[in-house]
Each structure stands twice: as C-alpha cells, then as structure tokens.
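Note that subunit A is present in both complexes that follow, paired respectively with subunit B and with subunit C.
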Partner chain A sequence: MEWLIAEACGSFPYLLRLILEGLLIGVIYSLMALGLTLIFSVLNIVSFSHGEFYMIGGYVVYTVLHHFKQVPGLVAVFLAAVVTFLIGAVFERLFLQPMAKGQVDRPNEYAILVTFGLAFVLQFVMLGLMGPFPKKVPRFFSFPEIDLGFLRTTRTTLFLGKIPLPGSRIFAAIIALIALGAMLYFMYRTWTGWALQAVSQDRNAAAVVGINPLNMNTLAFALGGMLAGLAGAVLVSVFSWVPWVGVPASAKSFVIIVLGGMGSIPGSLVGGLILGVVESLGTGCWPNPATAQAYRDVFGLVIFALVLLVKPTGLFGRKL
Partner chain B sequence: MKGRKVWVVFLVALLALLVAACQPKEVVKTVVVTKEVKEEVVVTKEVEVVKTVEVEVEKAKGACAPQSFDELPKDKDGNPIIKIGVPIPLSAPGSVTGGQAMQIAANIAVDHINSKGGVMGKYKVDVVFYDTSGLPERGRAGAEYLITQECVNAIAGEYHSAAGLQEKEVAHKYGILAVFAETWNDKITAAQYPEVFRIAPASSMVAEADAKFFKDMGVQWVAIVAENTDYGVPASEATKERLAKYGIESEIYLAEQGTPDFAALVSRIVEAVQNKEGKKGVLVLITGETSYNFEQQAVDGGLAPAEDLIFVANQVAANHAEFWANVPDGNYMAFRRVGVVPALTADNPVAQKFIEDYKKATKDPDRFPESYAFEMYDSLMLVVAAIEKAQSLKTEDLIKALESFNSRENGYQGAQGIYYFLYGTQNPVPEGVPEWMWHQWPDPAILFLQYTEQGQSVNDACVIWPDAYKTCDYQYP
Partner chain C sequence: MTFRRIYILWGLTAIFLLGLLLYPILPGVNLQPYWVLVGMTALFYAILASSWALLAGYTGQFSFAHMAFMGLGTYTAGILIRDTGIAPWMGTVAGVLMTGIVGLLIGYLCLRLRSTYLALFTIAFAEIFRLVVKAEVKITGGPNGLELPPYQRPEALERLLKAIFPYWDANPYVPAYYYMALLFFLSLLFMFFLVRSRFGLFFRAVREDEEAAAALGVHVVNTRVLAFVVSSMIAGFAGIVFHHFIGLIVPDQMQIVRMSLVIAMAVIGGSQNLIGAAIGAIFIHFALELLQEIRMPLAVLENLLFLENWGFSVDLQAGVLRTNAWRMVAFGILLMVTLRFAQNGLISPILDWLARKEAAEEVAKRFRAQREMDRVDDVEAVEETTTASTVTEGD
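== the complex of A and B ==
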C-alpha cells in the first residue's frame, strides 16, 4: 500500500494533506453550490449571477472591516449574508416574478438574459465602487503559538504532525460547515423548508395546500444568493478580492450541481467535496509538476465528464 | 448497459490519449520570416537560420498617422496635437496594478511635455489608452485600433509580453514606431523589426540576474513558479537554463493567470523542499495580483518563511501598500526590482521631478514609482525626443533618431537612466550577441530587495543584491 502511495503521490502524510486541503475548500464549494441548487430546484432557472453574489459577500466583509476595525469578523460575515439575501430578494421580486406570473414571453431565455444582466451590473458597480485593485481582509483570527509535539501552531498555520493546514481556511471551512448545517436544518426540519421542497416537487400541488409559490421563489433566490455571499464572505480572508473573482467560482458551482444531480441538496454537498478533493489530488499528484497547477480545473472536469457518462442524472439526481 | 460500459472505457482511453498528447514535447525551432510585397501578397517561408536582410517593403494600408506636422489633427481649441497610443492592462486577467501605475505615469509624462508648450514647443501630445487586459487578442485588436482608427504616430507602453508580442506585429505591419515599456519576452526585440524598441530588460537578462542571485546566496535548489503565458513560460525556461549553468537544480511549476487557489501547489512545493538538501529558493514569476494569492498562501501553507529557504516574491511587491494589504505575512520575502531605487535617482533631476509628481498623483507620499511606471514615463518621453530630434513624424526618421542614441555618451537622459541602443538598422546585431539585443536598452538595473518587517515601506526595504548596492544581508526568520 505504502509503495502504491509513494508511486502515485509521494508520501502518506503528503497524500493526507492534499485530501484535507481538498475537503477544506470542498466544504465552501458545497455551500456555494447548495445555493445554486436551491434556486434551480425551486425556480427552475440557472442563475448566471451566482458568482457575483459570492463576490458581493466578500466585498461587504471587506467594507465593514475596513471602515469599522473593531467589528468582529463574524459580525461582518453575518452582515454579508443579510446584504446578499436582500439583493437576491429584491432582484427576484422585480425581475423574476414577472416570469413566474407568466407575464414574459420565452421565459427560459428571459431568465438567462436577466441573470446574466445582473451579473454584469453587479460586477461593474463593484468595479466602480471598489476599484480594480485587489482587496483582502486580515485573518479573522490568529492561532496562539503552541507546541504539543504532534499538534503545533504558528500564527497562520496548524501543524498536525508534518501536515500544515492554513488557519484561515480552517476557519472558513468551519463557518461554512455551520452555515451548511443550519441550512440543512432549515430545509428538512422547518415548515418553510418543507414548503420550499414542496414547490420544487410540484408547484401546483404546493399551491393547493396553501403554499404561495411566488413567495417561495423569492425566498429560494434570496437564500441561494445568501449562501453564495456567505461563501465569499468567509473566503475574502483567504483570497485577494477583485470584482471578477466570482467568475471561476460560479463555473465551479455549475460543475458541482451537474455532478451531484441538478436540484439535489445531498448531491451539491457531496459534489463540492468531490470537486475539492479531486482538484487537490490532481494538482498534487499529477506526474508533471510544470503542468499540475495549470490543469487544476481539468481534473474536476474529467471526473464531471465521467460521472455524466456513467450516470447522466448526476450522483443524486432524479431520473429524467 | 453493456454498450454504455464499452463507450465509457472508450472515452476514458480517449481522454488519457488526449492528456498524454498535451504533455510538453521538445519542439524543433524554426523561424518564420514574413515579407510584405507591393501587391500585398504575403509570402511565408520557413528557414533554418535567421539572417538580417534589409528589404524595402511597402507597409500595409490602413495606418492613418499624419506624416507631416501640417496634417496633424486639432484639439477643440484648434491646436494641432500629436497622438500616441498607449496599450496597457486595465482589467483582469491583466495586471491592473501595473496598468494603473502606467496610466498615471503616462498622464504625468503628457503634463510634463505639454506644460513646456508641447513637442518642439508647439505641438501638444495626446495619449490614447487601450485596455489590453494582458491578452494577446486584445493586444492585437488594440494596436489595430490605435493605428487605423485613432491614427497615432507611435505606440508606447504595454506591460504584458503576451499582448506586446501581438502589438509588435501590428506595429511592424503598418510601419508605426513602438517603444515597449515593460514587456520582457526576448522575442519582442529578437524579431529585429526596425520599428520596435524596448527599454525594459529582456527575459534573458533578468534570468541571468536571478540565477546569479541564487548562486551568490548559496542556494542549491529552486522552485520556479511561473504564469502559463508568453512571459512566464520562456522566462522560467531561461532561468532554469541559467541556474543549471551554475550547478543549481530547479523545477518549474506553471499556473494560469487569475488562479485564486494555490493550496495544492504550495503543498507540492513544500513536499519537494522537504526532500532537498541544503539551501532552497522559491522564485515567483507570476505577474500582478495573482502573485499575491500565491505568496500569502505560501505562508499559510508553511512554505515560507523558513530558515533554509529564500523566497523571492514577484516584482509587484514593490507596491508596498497593496502588497501588505494582500500579503500581510510577507515579511522576510525578497523581491526583484528592475530599475532604479531612491539612492540611484538623487542626481537625476528628470527622475526627481517624476517621482515628486507620481507621489502627488497617487496621493501616497511614501510611494516610490515602480519600474513599470518609470518605463512608461520614459517610453513616452523617448518617442517625443525622437520626434524633436528628427523634426519629423515619419517612422523611418523616428527610427533613425532613436538609433542615433547609440552609446551612453550619446544617450537620452530619462527618469530611469540614460537610454541608448547599441544595435539596429545602422549597426546590426553581430554574431555571438543575442538577437534580442536589437533596439534593446542594455543597462536596466536589476536589484534584489527584502522586506524584513510587516508593513515596511519599499523605501526602507534592504537591498540584498548585488553587492555594489547592498545595504544589508538577507535576513532569515
């Protein structure tokens, strides 16, 4: 076994490190993809502005922490969730409800155009407001420097034996996990969550039992935007933030929801983790170091293509 | 079901073949020489050896630059203006940091020229900016637009080699002067186009300095992290080749521009570093904002700082405010600085005036202009100097004027130093001298500095190499 690992990817601690790093970023991918899944399953549209909600989330945190230095990072993350929720709700009411009410010809094309439009508007508004220069917030917390042998920390990094794990990512993943837990509780343990699921399964039947599908549409789009905003809010201390930072993040979300199964909540959770780990292992183990990082996105897309070939509905998708 | 399995196996095999086919291969170098003839028929033939042949060619139609001062367009007050095109990156995936600094520098140059009454005291200069995003296709489109729609008399600027390589082709096609400010790819000048000049160093010059630096620091293995572009790939290969010459092993790691997440790559380099003996080095050849992501993640991932590792960040680290905002744990990182440092500008009034105005324009009294800002300013000033010397707007006269700056004594005093070009149409590059020395300024200063404290100003950073300018030794954590 050890020989196999050594042949494929160096040492076991190295392999473990790659997997852990993949899981850390994968949790955040899952959070973002869950938002897109929610929008797709309830509104039956693909939001092309999802990455921009992610971008807005990061900028809200930056703005709050830049102007009010005493505000704790978690409060800024919460505010980012509120702002992105509100943007999502207002946009859905103004631009997507006419589609749901049948007031728009060619609703499918309309949805694509209007969400693309929102993406451009948000990108260029933020470019105007924040400028093109990269922004970043300080780490939400620094580790105290301790050394317990196997467990060691520096300001920035947690060492598990020989495996260093970035503190900022650990923190981001923990917040993302809490948000995911809260969202799953909401979806599976509350009346409103059940109402959302009911609308996603059959709008007319849901309406018959007293659920207002239009309100559920608004809630789903706002929640979806909020989840993307949360993902951005926790990652703005990890990556440098620019107005077009949402574009690659959005592309990953599309891959995840198709990989996991369009409209499937467990699918988006598992899909995010798979994508994170595959990208990490691919980059870390690809035989040619020169091209490993450059092929990073390719590794995820290869898995994506294979899953589609074997199971076109995705890992947890409903039968077509 | 069985049929589907067969298809899956077939497609996996196909994918594997595709991936294998994408692996880098040794490429046989061929040189393509393109001639344009009067009938506008392009003849292309492949030859084995490059020969400098002077050919009288008629340039492609479409350029609309005025050929005499009487033909100059007028501004709204009726004054004649000379238009100069400035292609720079002002949006992603290009280095917006670099592009904006160059835009500020270009505007300062225009103010300085026009405040003296303009070129030859009577023709105001107007620059037309074009955002290339650092992309080849936008570089080509931008040069076409500037030359055929804006009717510029010359092009000055550009930050990214990928865009610059295309712009030089367009400038050559239309016979318009191009003075490149910050494009390092050897091929920019190695093509030996009469219209093309460069005041930035060639990649090979920088690679040599990088290799010497690591040799002098006693490094035995270097990770070269480069962007997968027309700048990064040849620069990393040139550096690897020169490191090998000094007996230093190295490994190249390429990354796409705009990549935010480098965690796995950092892990990979950490693993490699742990398996190497002696002193190690990391050299970042990723330009612009993407470099910040790699550098901070290198700290987060436990790669830097370390007692036996020298980490050389990208040159945009010289923009200290932005660097510290994005790489808050970047203390102990070194960075290469191409161009002058404050101590080298004390006796140069041109530099002093530019530095003063740059600080005012950026509203940052601590901001010493970056090398690309100096180069942008000087490239515009050189174009103006050529027009004044030639007393003409014709490209062939401007080329002759610039070529007359052929030694340090005969050179043009810019903010960054004295510009001169040893080789050109009057004095072709001799055998044994690299082809990229054509219209190439041979004297750019290349220094290595180090931040030793968090939040340190670039003005206080230590000069650690070369010995002639050294203010302190490299400091390890």
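== the complex of A and C ==
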C-alpha cells in the first residue's frame, strides 16, 4: 500500500493534504449542486443558467468590496445572496411560470433552451458591466494567530500538523457549511421546507392541502439560484473572476447531480464531496504539472461518463 | 391566372440565390476582403445553425457540443496533416470520420436516457474539450492556435470558375466564399433530402411520441444517434473547410458563447425549419456586424459619453458608438422572447405561410371538387346531397 501511494503520488502527507483540499472545495460544490437539485426536484427542470448565478454572486461581492472598502466581507456575501435570489425569482415569474401553467408547447425543450438563453444574456450583461479582464478580490478574512502544537495558524494559512491549508478556502468552506446547514434546516424543519418537499413529491396532492405549487416553483428556483450565488460569493476570493467563470462551474454541478442521482438531496451533498476529492487527487497526481490544472475538469467528465454507463440513476436516484 | 402566394416564395428564393451568387460584387461589399470574409463566416454559421436545427428541431435533442465537434474535426485534420504530411483533403475525410466516431460514442452513452442528459453531457464535454486543447500546447498549439494549409484546388476547375467570375482573383477570400457557398448549398440539400426521407419521419415520430414510435417498429435510440451523428459530422465538415480557408483555428472558436450564438440563430430563425435556421443565421451574423459600430452625429455622440462607464465605447474621432457586449445582450433577450412567444421562430412561420397555407387551400379546393363530383354521380340520394352541400357551403 505504502509503495503504491509513493509510486502514484509521492508521500502520504501529500495525499492527505490533497484529500483535505478536495473536501474543502467539495463542500462548496455540494452547496451549488444542492441548489440545482432543489430546482430539479420541485420544477422538474435542469437550470442551464446555474453557473451564471454563481458568476453573478462573485461579481456582487467584488463590486461591493471594490466600491465600499469598509464593508465587512460577510455583508457582501449576504448581498450576493439577495441579488441572486431576486434574479432567480424574477426570471422564474417571467419565463418559467407560463411553462408550469401549461402555456408553452414542449415544456422540456423550452426549459433547456430558455435557461440556456438566460445564461447567454447574463454572461454578456456582466461582460458589458465588468469588462473582460479578470477581477480578483483580496482575502477578506484573516485568522487569529493560534498555536496549539498540532493545530497552528498564521494570518493566511492553517497548519494541521505539517499540512498547510489555504485560509481563504477554509473560510469559504466554513461559510458554505453554515449555508448548507441553514438550507437543510429550512428543508427538513420548517413548514415552507416541507411544502417544497411536498410539491416535489406530488404537485396535485400538495395543491389539495393548500400549498400553492406556483409560488413554491418561484421559491425553489430563487433559492437554487441563491445557493449558486453564495458558492460564487465565497469562492471569488479564491479564484479570479471573468464573465465565463460559470461555465465550468455549472458543468461541475451537472456532474454532481448525475452522480448523486437527479433530485436527491443527500446525493448532491455526497456527490459534491466525491467530485472535490477526485479532482484534487487527480490534479495532484497528474504526471505533468504544467497541464495538471487543465485536466482538473476532465475527471468530472470521466465520472459523468462512467455514471451514465454503469448506473444512470446515480448513487441515490429514484427515477430517470 | 390567379395570384398565388407560392410565387412570392419562388421570387424570394430566386433573389436569395442570386444574392448568394453575386454577393462579393454587390454594392457595399464591392470585393472588400473584410465584407467577403463576413459573408463567408455568415455561411459557415448558417451551416452550423441548420445542422443544429436538424438535431434540435426534428428530434428534440439538444447538443451544446456542436462547436466542440466542429473544433474536434478541425484539430484532428490539422494535427494529422501537420504530423503525417497527408494531403489536406485526406485530413478532411479523417476529421469528419473522427467527429462521427466521437459522436457515435457520446450518442450511445446519452441518448438512451431522457433528452436532458445529452444537453448536460455535451455542455460539460464542450467546455472541457476546449480547456484540454488550450492546455496541450505541444500537440494542439495551445491558445495560439493551429495552422492549417490551404487546399490544392484542381486547376481546370479554377480556370473554369475564373471564366465565370472575372473577379475570382480579386482577393483570396473570394474563392473561399464561393467554396463555402457551395458547401452551404450541398449540406442544406443533403439535410433537406434526409428530413424528406423516411428517416425524417422517424426523427419526428420519435420526438412526438417515443412509445408510439417504438411500438410501430422505429428503433428510438438508433434514430436519435443517427440524427446526432449526422448533425455533428456536418458541423465538423463545415468547420474543417472553413478553417482551411482561414488558415488557423484557435481554441476560443469553441467557446460556449459561440455555441449560444449558433443556438440563438437557429431558434430565432426557426429550429423546426432548416432553411429558416440558415436564413436566421445569415441575418443575425450580418446584424451583429452592422451593430458593432453605430454611426451617429457628433452632437448626439457627445451626450452619450456617459455610456463609456457601462461597457460601450464612444469614438468621437470616427463618429461611432461601439456597442461591444450589449449587441449580444440584445440578441440573447430576443432569443428568450422568441422562445416564449414564438416557438417556431421568427422566419420559418413566414416561409410556412408562403408555402404550406397554399397547399392546405389546394387540398380544400380538391376536396370540395370531389364532393361536387360525388353529388353528380349519386343522383338517387337527393336529400343527403342537399344536406351535404349546405354543410360544404357553410364551411
């Protein structure tokens, strides 16, 4: 075993570091995929503009922090959530509600194209507003300096034993975990969350007991967009941001929901972590470091193809 | 002789074909290399949009990897020609075959499942393929692109074409334009016959009702895969030919943004009508070119300087307003509105009105004539005939 690890990927601590980094980013993938799952389970469509909500979330944080330097980072993240929620709600009312009401022919095809059209519009609106050059947000959180022997922090990095973990990613993962927890609490412990689940299980039965399915559609789409926006808002300090940053991000969430099973909440959480770890290990062990980053996304595609080949319903999927 | 709408259609077709033929010397184009190139690119997009419409409009499956297939074919051809030194036409054949093989694999992987899966998989495939091409600098040339040598054109044909078009040598884009126009014409003809054949019926049957089509003996998966492979191969072919004339392909040609543009062209033109999609593509490509710079008086322009903060650029010296990204936004919104309120697109309903309505009226006329003849034959049943004729009159 030791020999195998050394042969493939260097030392054991290096491997451990890759896994931890993968889990950190995987939490954020899970958050994004949870949004897509929520949309799919309630509206029964896949939103092809999911990555653009992610992109807008990041740009809102950038704009707020760029113009108002005193604003704390968390407020900017909150504003990003509000903006993406509103965009989602307005779009759903204008373009998806007619579909739910049966005013559109061939609803499945319409849903794919109209969400893709929204992605197109949002990309170019942001290109017009922000320009094509990459934007970078400075780290908006620094650790207090602690030394507990095993766990040691500097302002930018956390050391777990000898393994360094970048602070901005840990911060992003913590916010994502809080958002995930809040979302799961909302879904499983509040009346509105139950209503969302009821609509996803049986629209007509939900309508009979007094839930308005159309309002739940709007809520689900807006919340889904908001989760993607949150993911973007916490990652904008990690990656540099261009208007096309959402395309690979949405490709990743597609891989996750197919891996976890379309419409399954536990599936999207587990799938996100799996994708994060696989990507991190694959990139870290890629023989040629110069092209390793480009192949980061390829592992997702390989997982996608394998799932379609072996078990198209995914890990936790119930139906096709 | 009465006036028939179909004559308008014939007239428009004649004008369109004549325009296609004489485009390089039309006033305004005047053999300027830039505008000849624009025309050639418009035809390239027209092929892509109509082949995308073959898949989307006839089988209801959405591929977001159309541009990626175009790039896959071109890169295959380019790399083979560079590394093995085969003739460009052999590279073209190899490239088209490659798109067919990859299309077959992806088709069988995704098309067994509901239509969302093809869309999901192809969007991931397209983006990741582009990133890999960009990263593998040693094989593909990376972001700087890959050069493709020009085709060796048969001399006898060249001499003949020079005799027909005296301005053939005016600039290198003129022959390229005509070869592209020929390819456009042939691929449209091929797809037209394909959808008119029994396969076209299979495509539509599978789209309208999968179970019913399967019950009548149509192999649903094979039919979809056929449509996907044919549509991808046409994209690959068009890409290879186009980039041989351009001489260079860069990975950014495969950006998902360009894919969106092809989709916008097909949907606005009418994705259920190949010719509608092609005309939509030509129209939108020219509209985008013309909207790039809007010429306006200086007095107006000086008041528009504030737009500089919003992504426009105001060029006071040239006296133009550059719309940059916002012209794309306009077409994106047009795409969404078209989807919502005119699912058949904006151009194909006009074509249908010119062609099909006429046919329906013709059928109704024959039907009435038949009823008339029945009445004459059937002298005994006078009463029934009278009721029937009143019904016909009422119609």
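Operating definition for what follows: the second predicted complex is superposed on the first by the 289 of 320 C-alpha atoms of A that agree within 3 Å, B and C clash if a C-alpha of one lies under 4 Å from a C-alpha of the other, contacts with A are read in each partner's own complex, and residues count from 1 in each chain.
What we mean here is this: a contact is a pair of C-beta atoms (placed from the backbone, for glycine too) under 8 Å apart; a residue touches a chain by one contact, two chains touch by 3 or more.
Note that this is a predicted model, so its numbers are computed, not measured.
S.K.: Mind working out whether A:121 is in touch with subunit B, subunit C, both or neither, as first, second, both or neither?
M.R.: second
S.K.: Which partner does A:208 contact after superposing on A: first (subunit B), second (subunit C), both, neither?
M.R.: Neither subunit B nor subunit C is touched by A:208.
S.K.: Looking at A:95, would you say it contacts subunit B, subunit C, both, or neither? Reply first, second, both or neither.
M.R.: Only subunit C is touched by A:95; subunit B is not.
S.K.: Name the contact category of A:244: first (subunit B only), second (subunit C only), both, or neither.
M.R.: After superposition on chain A, A:244 lies in contact with both partners, subunit B and subunit C.
S.K.: Touch test for A:134: subunit B only (first), subunit C only (second), both, or neither?
M.R.: Touch status of A:134: first partner only.
S.K.: Which holds for A:11: it touches subunit B only (first), subunit C only (second), both, or neither?
M.R.: In the superposition, A:11 contacts subunit B only.
S.K.: By the touch definition at the top of the document, which applies to A:291: first (subunit B), second (subunit C), both, or neither?
M.R.: both
S.K.: Tell me the contact category for A:21 with respect to subunit B and subunit C: first, second, both or neither.
M.R.: So A:21 only meets subunit B here.
S.K.: Going by the contact rule set out at the top, does A:308 touch subunit B (first), subunit C (second), both, or neither?
M.R.: second
S.K.: After overlaying the two complexes on chain A, where does the subunit B footprint on subunit A coincide with the subunit C footprint?
M.R.: Residues common to the subunit A contacts of subunit C and of subunit B are 244, 248, 291, 293-294, 298, 305, 309, listed in rising order.
S.K.: Over in the complex, which subunit B residues touch subunit A? Could you list them?
M.R.: Interface residues on subunit B, with respect to subunit A: 4, 7-8, 11-12, 15, 19, 22-24, 90-92, 96-97, 100, 228, 251-256, 258-265, 267-268, 270-272, 274, 289, 292-293, 296-297, 299-302, 322, 325-326, 328-329.
S.K.: Which part of subunit C faces subunit A closely enough to touch in the complex?
M.R.: 56, 60, 62, 64, 109-110, 112-117, 119-121, 123-125, 127-128, 131-132, 134-136, 255-257, 260, 263-264, 267, 310-312, 324-326, 328-329, 332-333, 335-336, 339-340, 343
S.K.: Please output the residues of subunit A touching subunit B within their complex, sorted ascending.
M.R.: Checking each residue of subunit A against subunit B gives 10-11, 14, 17-18, 21-22, 24-25, 132-136, 138-139, 154-157, 159, 162, 164, 166-169, 238-240, 242, 244-245, 248, 279-284, 288-294, 296, 298, 302, 305-306, 309-310.
S.K.: Tell me, which parts of subunit A touch subunit C in their complex?
M.R.: For subunit A paired with subunit C, touching residues are 46, 48, 95, 98, 104-106, 108-110, 112-114, 116-121, 123-125, 127-129, 131, 244, 247-248, 250-251, 254-255, 258, 291, 293-295, 297-298, 300-301, 304-305, 308-309, 312, 320.
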